[in-house]
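Two complexes, one shared chain (chain A), two partners (chain B, chain C).
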Partner chain A sequence: MQTLLGDGPRPVADIRSDYLGAMRRKRIYGGILLALFVALMVGGFDLADSRNAGGFWSGLHRIFDFPGEVLGEAAEKIALLPAHLVTYLPALIETINIAAAATLTGALFAILLSLLATRGLAKWPRLIPVFRRVMDIMRAVPEIVIALVLIFVLGGGPVPAMIAIAFHTAGALGKLFSEVNENADIKPVDGLASVGATWSQRMWLGVIPQVSPNYVSYALLRFEINIRASAILGFVGAGGIGYELKNAMSWGQGKYDEAAAIFILLFLSIVLVDQLSSVVRHKLTEGRAA
Partner chain B sequence: MLIVENLTKRFGQSTAVDAANFTVEKPALIGIIGRSGAGKSTLLRIMNRMTDTTEGRILFEGRDVLSLTGAEKRGWQSDCAMIFQQFNLVPRMDVVSNVLHGTLSKRSTLATMFNLYPTEDVHKAIDILDRLGIAENAAKRAEALSGGQQQRVAIARALMQDPKIILADEPIASLDPMNAQVVMDALRRIHEEDGRMVVANLHTLDTARRYCDRIIGMRAGRIVFDGTPEQLTAGVARDIYGADASFNEGATSTAIDQPIAVPA
Partner chain C sequence: MSVATLGIMKTEADRRFQKKRRWGFALPAVIVVYLAYIFVSFDMAGVLGRASAENARTLVADSYSYKTHVSRDNRNGAVEIAIEGERKGTYPEGMSPEWVTLGETSVIDLGAGHVVSFGQEIVSYDIPGYGTITARPGRQGAQAEFPPGDLPEWINASKNRVTITTEAGRLTITRNRTEVLRYFTGWELFFFTLDSPFHGKGFAELVGLAFSGDQVVPGQSNISAMWDGFINNAMWRHGEVYWAIFETILMAFLGTFGAAIVALPLGFMAARNFTPLKSVRFAMRRVFDFLRGVDALIWTIVLARAFGPGPLTGALAILLTDTGSFGKMFSEALENVDSKQIEGVQSTGAKPLQRYRFGVIPQITPVLLSQVLYYLESNTRSATIIGAITGGGIGLLLTQAMITQKDWEEVSYYIVLIIMMVMAMDWLSGMLRRRLIKGDDAPAKKAKTPAPKAGPLPV
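Moving on, here comes the complex of A and B:
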């Protein structure tokens, strides 16, 4: 190109010194940024530590005291563990039930919201910011706050917890789904529009089959998170395994063996969901290829 | 120099490379031809150790390169550069950085993260780019270059490795005829001036005839032809591609001028 434009190619020495100069500049910027980052981390840590009630360094060696106590007590009463696992299984099932119902409801709302909030797919493009802000609000309010309000209004039990988690899930999944939708291929949607399909038909046939494997994997990840959330809501009176855990974990009751059993149950359920997720995803992608 | 013995690669039920045998005594420009799925790419990937073999050995200067592991395997990979059909550069990094990636097997990860390359390596990279006629683009992002220029950056990366062998997997299949010629000329020059062995998968017969010293034909994983360009007659080509008498290589030739029968 250069020769076509009339000026001869630049000598290699120039190119070398230009490039090395640029490289040196980049290195200096990088070095300054790194120094700044380290300074901020150290400075921030000192500030946070000075505000700590106890003191980070003096308490650091005690971090493993509580897990040690729990494990110690559980090890002493290891013979009781299988019985505890059976005892708390119904509570776990209640917790998982809350999480599953919440994930399912939340995901359905999330699909609708995400389609309405994706550029290129939205039914009312001008309302995209509105739906985005709605999802922001749903994510911003902590589920424990919603649960506390609903428990106050509706009384304790699984239903308020389910609604609270579903509300948060719709916002969180809606954002992720909408990012998935953005990457969907628009060609099938155009094809369906050309035969006179309605908006919902276009979405159902043109978009959902493309994005469903990603939807499923995000939804199952959310299911995992929701199992934990639903366990936490048990602490404030939503029932399930969280309530049992709160009782077992209180200090000085000698119930740490039961707490250990509950932790094992929670761990196993997360493993189960993880395995389920990979199986379902595999089937969906395989099915699509065939 | 290079001995390939009974090399076989099976993917489940299908056999991609079926008992391939050939020997190369001295550096040459070797073309591998055959229809899609004949096992050309798999053969190159096995040689570079990107794919493991099912059976067989590859001896290079008396050493079985397929049994190497860890640092020794990476050392072999730096001796045996690879050029790809889609260039396989890092698109968002500048051209010189992409060329400097040729030295990665000798660099630590930390030095790489902070972009710490020795000045003499940077000089060498720019000299290689100059040799290939693209030094002007040194500071540009790789993605900003045309296909032919990107492939030359990939060749520069390969040269930066100072390899004994350059493997080229369909190096010109994504390029227009003019850029294809520039890239093939560059590969030919590297072989003639530096004395490096070049093994290239090619999908056009006229390119293979014009540039190669030796042509290997593959069909369904087997080596069915191994000879000089002169021996590659239209009848032999039909056998390699499994085509009938209606096959006419001129119909889809990408050469700008008329194909020539004897290599230049």
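Moving on, here comes the complex of A and C:
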């Protein structure tokens, strides 16, 4: 008769077994996922190891050889180190300039793109998806692709690196900026529109003052990243400290003291910029909350 | 409100306006001055002057078009047809595209009325609106005869060499060799090379063949034969390229998740609420700073010396750098966990390891995984770049194709693939992140202000 009267309160044992069953299933799925992940990692490292020119285990004991050589040689010629640091300072400044100029120009383009791609602010609302796709593509292009193509056309030097990094930066910052824009208050824009302000005036006076602390914060973060990128691009022939590093390395032994000086400069500048920008960003975000 | 306070407020307001106004002019001025300094210090004017328009033209033209060379050896009369003049694009003896008629006198139709014929002794080129140029290349040189009048600038003639460049193609005549180039739009032999039985067949025909029972290659189904022909295409090496793409993704995957695995225990050691010893925390944080500060470039160089070039080196370089970034982020996330849940687990008599497993990990997993997935996408790009330095993956193929300075169609193919790869990874990581953060719940409300985190963001 129970079926006709409907289920009474289910026995506790039933609930318990259901719960335990669900837990078991969850645990099994979790276990399978974990096993799959471990298999992927192990298999992946094994594959990467087999495709590498030298093996992992055969190279492991040599891992400190090169740093040792560099440090040894640097220690031997420690007296030359300050001179080397001074020699390579201009190259370091070039690398930082590449990063700064690229961040600046990239951010300016990003502001424009992000305003054109934000609902409610866009000048041509129908083109929002177009600008979004454009930013997606710009973001997806690794700097090295553009840098190498431009090196072929423009020749080596800082300009190809700057353009390449700026291109990627415009896409990456554009996306972040448009997220910031979406949270901007629309009232000042409406107010400006009601007194007949043009689109650029509405943006410049109504939106930018609201969002600029966040813009600056993101741009600083990007600057940190771009210093690293600009050093790497130097290595493939785009000038700056990366290029000097490549030269110092390819001379082989005898120039490692110079390589050490470059390592030090690069390391210090990355750490310094990281710390500085982190302090400034903390101030910017906290200053706004207060 | 008294007049005095009003006056004070007014001066205050004026002062603020002044300040704003000063900023409004000073900031753009500083930017302009800095950019002007960059313009001078990077020698932009010089760069523009040195820019090679010729290279740019080759690059653009080559990336969407190709040329077929038809050349005649004037010493033995042999005619050879080769796409891009490459050996792997050479037509087999006796085979020719439909615009070339081989014979005693080979006729090459360049389209739009331009016809070149290679006779036994005589080469002629009919140019509509200009006339016929004939030449008898031999010991005495090119011996070309032109229609009466001054030579137009698109003909470059000397005793031993005549070059005629028209919109339809280019004819070069030298003593020993006559060569015609015809340009086509598209990527040559992209699917099948000339030696494949599927070359030159239309799409519909190929689909028909794929489902038909007649085996074009005996003993192999048509689909698998087509796949073989495509993957082993000697001109484009699709198989190798896709493998390189996979290798790049592998580097990013191993580096990112390896770093996450290493950084998790280290993150505990650097978090205030889990490690009471200040010295350990301090040491851990400096380790993170060091790993991050040294940067992937230097790690790549150092590791390549020990392990040689290859994907493992790239993966380990990413792993080391990101261990620093993850360690820092994880320890910050761990410092923000809710201690109530841990106490709850502890009250059931859980041991420390169980407390971590059931009290902490469930709280931080979504946050950590979403950060890790965010890095996965950006590391795909880093892996491309690191691959170019350390010699693995698509980055290596890209630099190799660049160095030849003529395979620009391959370069553009790789670029398209790289962009597609990064966008696919972006999509994948975004999808997984949304799944993780929202779970099965209704779409969560968008976060108010995406205040930039103080932590490091990926490259």
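Operating definition for what follows: the second predicted complex is superposed on the first by the 203 of 290 C-alpha atoms of A that agree within 3 Å, B and C clash if a C-alpha of one lies under 4 Å from a C-alpha of the other, contacts with A are read in each partner's own complex, and residues count from 1 in each chain.
Operating definition for what follows: a contact is a pair of C-beta atoms (placed from the backbone, for glycine too) under 8 Å apart; a residue touches a chain by one contact, two chains touch by 3 or more.
It should be emphasised that the depicted structure is a prediction, and the values quoted were computed from it without experimental measurement.
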Quick one: is A:S217 in contact with chain B, with chain C, with both, or with neither? Answer first, second, both or neither. second
Touch count on chain A, higher of chain B and chain C: C
With both complexes overlaid on chain A, does A:R10 touch chain B (first), chain C (second), both or neither? first
Considering only touches as defined above, state whether A:K283 meets chain B (first), chain C (second), both or neither. neither
According to the stated criteria, A:R25 is in contact with first (chain B), second (chain C), both, or neither; which is it? neither
Chain B-touching residues of chain A, taken from the complex the two chains share: 1-2, 9-10, 12, 15-16, 18-20, 22-23, 26-27, 30
Which stretch or stretches of chain C touch chain A in the complex? 31, 34-35, 38, 41-44, 47, 50-52, 55-56, 59, 247, 250-251, 253-254, 257-258, 261, 289, 292-298, 301-303, 305-313, 315, 381-382, 384-385, 388-389, 391-392, 395, 398-399, 402, 405, 411, 415, 418-419, 422-423, 426, 446, 448-452, 454, 456-459
Where on chain A does chain C make contact in their complex? 37, 40-41, 44-45, 47-49, 51-56, 59-60, 62-63, 65-67, 94, 97, 100-101, 104-105, 108, 136-137, 139-145, 148-149, 152-155, 157-159, 162, 176, 179-180, 182-183, 214, 217-218, 221-222, 224-225, 228-229, 231-232, 235-236, 242, 245, 249, 263, 266-267, 270-271, 274, 278, 281-282, 285
Taking the touch rule as given, give the residues of chain B at its contact with chain A in the complex, in rising order. 96, 114-116, 119, 122-123, 126-127, 130, 135-136, 138-139
